[in-house]
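Here subunit A shows up in two complexes: once beside subunit B, once beside subunit C.
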Partner chain A sequence: MATASGGGEFVDKFPDEAAVIKASFLIAFVSLGIGAFFGLVQALHRTNVLRVIDSADYYTMLTGHGVLLAIVFTIFFLCGVFHWAVARSLDRPAESALFSWAWVGLMTTGAVLATIAILGGFVPNLGMSADVLFTFYAPLQAHPVFYIGLAMFIVGTWLSGADWFLSYRAWRQDHPDERIPLQTFMVLTTMIMWYISTLGVAVSVVFFLIPWSLGLIESVNPLLTRTLFWYFGHPIVYFWLMPAYLLWYTVLPKLAGGRLFSDPLARVVFLLFLLLSTPVGIHHQYLDPGIAEGFKFIAMTNTMFLLLPSLLTAFTVVASVEHGARQRGGKGYLRWLGALPWRDPAFTGMALAGAMFAAGGFSGMINAGMNINYLIHNTLWVPGHFHLTVGTAVALTMMAGSYWLVPQVTGTKLYSRPIGLLQVIMWFVGMVFMSNAMHRAGLAGIPRRTAEPQYQNFEFLTPIGSIFELRVQIALGGTLLFLSVVLFLFNILLTSLGEESDRPVDSHLPEPLSGPEGSPRILDNLAMWTGIAAVLVVLAYTLPLAGIIQNGGGLFGGGLPVPATVSAGFDLVLTTVTSAFNTLWGVVA
Partner chain B sequence: MAVDSTAEGAASSAARTSTDGGVPANADSQGDSGQADPPVDSIVGTADDGIVRELGHDDFDPVGTLVLVLIYMAILIGMWVFMYFVEFLGRGLTVVG
Partner chain C sequence: MKLTKARALILIAFSVPVAIELRTVAGFFNVELPLIAVAVIEFLFLALLFVLYGLYGEGSESAA
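Here is the complex of A and B:
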């Protein structure tokens, strides 16, 4: 199985798809470069090591850093990965190359508009700014161009999903009885999750934020836009993570010299993410006084269930990697780790990303606990956490994956494996410095989203080490991370400029050890799982949203908000249902 | 044993042309080609070429994974206990609700 040919390189077999993927990667990498530079400036600024910008501009940079990295880089990259995965696993091109370019074009236009609005914040007399941070809910208001750009971007992602569903539909007509190939299954479940979750942000942006920023409506209900943001804001975490999981499940075992341990287990994990990603967003609002404690408790329970697919992944992926090590001659309880191909930057990058994700899982458990969350809420601990998850588990996996994927779509060999290896290790070391210091700084009470966390007549205290030492670690870590991105971009640029090769990369993916044949066919019943996911969302969000609308002075705010109770939401739902029933009864009678 | 993966690209080309898609070259020949002729460049994703034995589903017992998962769980529980009892409760009253 190990040496069977993949039947030609991807770029030769699917030239149109390769061009779309290259365009997606290009935009992703440009965003990565700009966003990482902003990150470096921020790390040096807030630690007071080097201040080259005005502190008021810090928030413009913070918004640019968040939007360009967490939305533009990640999503463009994952669109490239998904386009590759669907064409590869279904072994057929997209139904219409024009349609593929349409979503690339719409997403690009949206991303450019949003970026222009953000960068406008650096030009004082332009009258355009969007210093609303990545969490773009009211009462902070951005220029309408920012929201319009975001809306176009989101619609573009919907079209990209439609592209993959159309491919699947065409494939299904030719293969009525076959199981959905694993990579396509992962893409489709991820996109269904994305459709469900982006409804929240679409409603927030189209019905509230755009009319409000244009002056068509006077006010919005800030708690409603905040809740709708987090309705989308947690599942987007899984929209970042599931492509990384796709690479961990289907590519990392091969990079380790092994095979995926279990195909059905991978399917179960993706279904659990589809079901549980969305009805948990309220766990970002544990300190929000407008939401009743009972609803927060439900969100916490759902969140704890969400640990399950990640722990299943930890087992399956590590077992698959161990299989590779054993096939390469590895022995012993832990000595097998030495038999892994540590000099391959694609393998090492993904393995280090997985190790960091394990640490991020720990701090995520602290964030998710309703009471213990009070300890770290809105402190630097939280950026410390998500720089382990999206900032390493996802970003480092994407960079490491690029070393294996980019040669497949360019047809050229990676420019330098040693530089790639140095780059992924530098990212890991930089993040160890920065993230551990951020976590500890958060425990000391240092706030996040602040240009100058240095206050007169007040000293933060740490039980071990000193605040000075934490600042140095953050500045050093941020610098290493930026240098790592520079090395990455340099390596990829020179790769794309290289000469075409007959064998740019070993692209063959072996079959799983345990295939899908023996698993229940119901796993592939996407319509049923979508229905269950929708029901869970309705259960988790109907009462809280009703309470927010009633207590916060209606859909468009205006009134004084009152502290929330569970019964208020229940009353509104009861009134609405009763009046709807009465109206219906009146019409029928 | 760890295979020098920088040699894998060259080794793999040799293995593939000589075996025509069959079982990869054994570990000895990998080592030989790696030592004799260091490659000018190399490609990514060639860990398969270092395979010295093929393990099927029933031959593979992921005991190393179990060890790693147990180590991770021990760290996780230890850190959580520290966070809850020392950092959280150790700071006095927290008003909830």
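Here is the complex of A and C:
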């Protein structure tokens, strides 16, 4: 891993980049505060502990909670982390500060427009609402401003990626024979994956949802918009996770007192995510009737392959942390755990987030299993799962990472380490309560996405304990999580208002134990990996999409005929791919 | 090994999921553990930790 050449803190060395990162973090943290408040209201409402809103408004809050946390908070924070990582690992500023501010501005405008559309749902007279939830596919329809805002936001992320690729291109001209610095490699592979995966949602929003919400077309094909959403909706999980992985791979070992175990293994993991993140989205649609079972089976198989990079990460990160503990005097098979720097909220938060991610991975395997998924599909199990993954592995890592990153871009010392430590532990405990109860409630069949999970003349039963206990657990967990966010925002605010320090944090990142020298250079051939990723996407999605359009009511649904030229094109694609598949099958068999 | 405040907090944090799932684990062995029993076990664990912190924690004579 190339380290930024010595001397000076990040904010002194790259003041323009630090300003961009601070702006990104600010918007992320404002979104976090609002989204967490919405989450608290929902947790108390659903569990019938405290009801301050009408149940009809629950869905407005649910949409706000999902969009502000899962899209705005995570992606703005990600952009800040990636901007930091590229500048420090290439040891050069962005090519154009104006361009950097352009993507920040576009993303902010888009996020504000989408938020206005969502919050408009609280004011019925306004005629503007977007109660379509985070999964904003048809048939639920939002105000056009919501979709336009989202489109601007996505284009903003594309520009941010272009910013980092421009930096890389300039660096490459000066360093033609060097390996791509690890952090930049992670950023670039993640952004390639993002470009490929956002094509689906871009097509869905620009060609179907915006014209539909403006009344330019009468109907859309709901299954098509669902499939295009999930084409993007699963890779976004990895878009959230990759900045967390970047911090786990490159910062956590240093915080533990050690060094990254293997640079090449980290590169392999990011490439596997680039290849496998997108051709798996259909595993969210196991119960959709318009997709053949065979395609669902392929999606499940691809999804199970994704366990490989996750398990490689578990091994590499734990090995790196153990190395750090032993450098600090830790001994024995497990006693080394006691030698880790548990006083440091940045370390403890990331370590706890990693531990929770393991649990989230196991429940994710249940989601991904085609047969066993039917047991928990659309139940509270699913929010229980993603509150462990994006809600903890990602969000807690981002908050913990902030305790180390924010001082670097503000030049001020962290206001309080004890408050930070209490905050990350409170998040862990709160999430244990809430997520555990959600999983168990899902097993009892309690549905998700509803303000009123009760049915008349019917009672949900749990094998152990009672539904009442689960409701109390969810309410208690939600409250602890909200308090944790309040502590975090308080700590960060006072940090940013603190006095400037010459050395607010030890920002040096040591070289890995095993560097990139011994690994094949082909790992850095981004064009080749992009091509393979694109081929896998074409293989996984061509036939399902063609089938959905031909058999599911055409491009625009409503029984409208598919234009003859388009239909002929689909026939050609179907015939070609089917015959190619049959030929391949014949060779294999 | 000295029991610092941070280590004590981590032990408390990890005791929560263990306590929550204690009844499930007991259920595997056909033991129906009432909620109050779990609460008592967790309370006893916290009390033990408190005592250990007093004996071996930061600032105690033993630790010094």
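Operating definition for what follows: the second predicted complex is superposed on the first by the 554 of 589 C-alpha atoms of A that agree within 3 Å, B and C clash if a C-alpha of one lies under 4 Å from a C-alpha of the other, contacts with A are read in each partner's own complex, and residues count from 1 in each chain.
Keep in mind that, in the parts below, contacts are C-beta pairs under 8 Å (C-beta built on N, C-alpha and C of every residue); 3 or more make two chains touch, one makes a residue touch a chain.
Bear in mind that the values here come from a model prediction, so they are computed numbers and not experimental data.
Q: Is A:G338 touching anything from subunit B or subunit C once the two structures are fitted on A? First, second, both or neither.
A: So A:G338 meets both subunit B and subunit C here.
Q: On the A-aligned overlay, A:G465 touches which partner chain: subunit B = first, subunit C = second, or both, or neither?
A: Second partner only.
Q: Touch test for A:W103: subunit B only (first), subunit C only (second), both, or neither?
A: It touches nothing on subunit B or subunit C.
Q: Where does A:A346 make contact in the superposed view: on subunit B (first), on subunit C (second), on both, or on neither?
A: first
Q: Once chain A of both complexes is superposed, is A:V429 in touch with subunit B (first), subunit C (second), both, or neither?
A: second
Q: Examine A:W171 and indicate which partner it touches, taking first as subunit B and second as subunit C; both and neither are also allowed.
A: Touch status of A:W171: no partner.
Q: Is it subunit B or subunit C that touches the larger share of residues in subunit A?
A: B
Q: Given the touch rule stated above, what does A:F76 touch, subunit B (first), subunit C (second), both, or neither?
A: neither
Q: I'd like to check the shared interface: which positions of subunit A are touched by both subunit B and subunit C across the two complexes?
A: Shared contact residues on subunit A: 338, 342-343.
Q: Can you list the subunit C residues touching subunit A in their complex?
A: It comes out as residues 1, 4-7, 9-10, 12-13, 16-17, 20-21, 23-24, 27, 35.
Q: Hey, which residues of subunit A end up touching subunit C in the complex?
A: Contact set of subunit A toward subunit C: 335, 338, 342-343, 348, 352, 421-422, 425, 428-429, 432-433, 436, 463-465, 469, 473.
Q: Spell out the part of subunit A that touches subunit B in their complex, as residue ranges.
A: Residue list for subunit A touching subunit B: 1-5, 254-257, 261, 293, 314-315, 318-319, 322-330, 332-334, 336-347, 358, 361-362, 365-366, 369-372, 374-375, 403-404, 407, 413-414, 417-418, 420, 443, 501, 503-508, 510, 513-514.
Q: Contact residues on subunit B for subunit A in the complex?
A: By the definition above, subunit B touches subunit A via 1-6, 8, 12-13, 15-16, 19, 21-24, 27, 41-57, 60, 62-65, 67-69, 72, 75-76, 79-80, 83-84, 87-88, 91, 94, 96-97.
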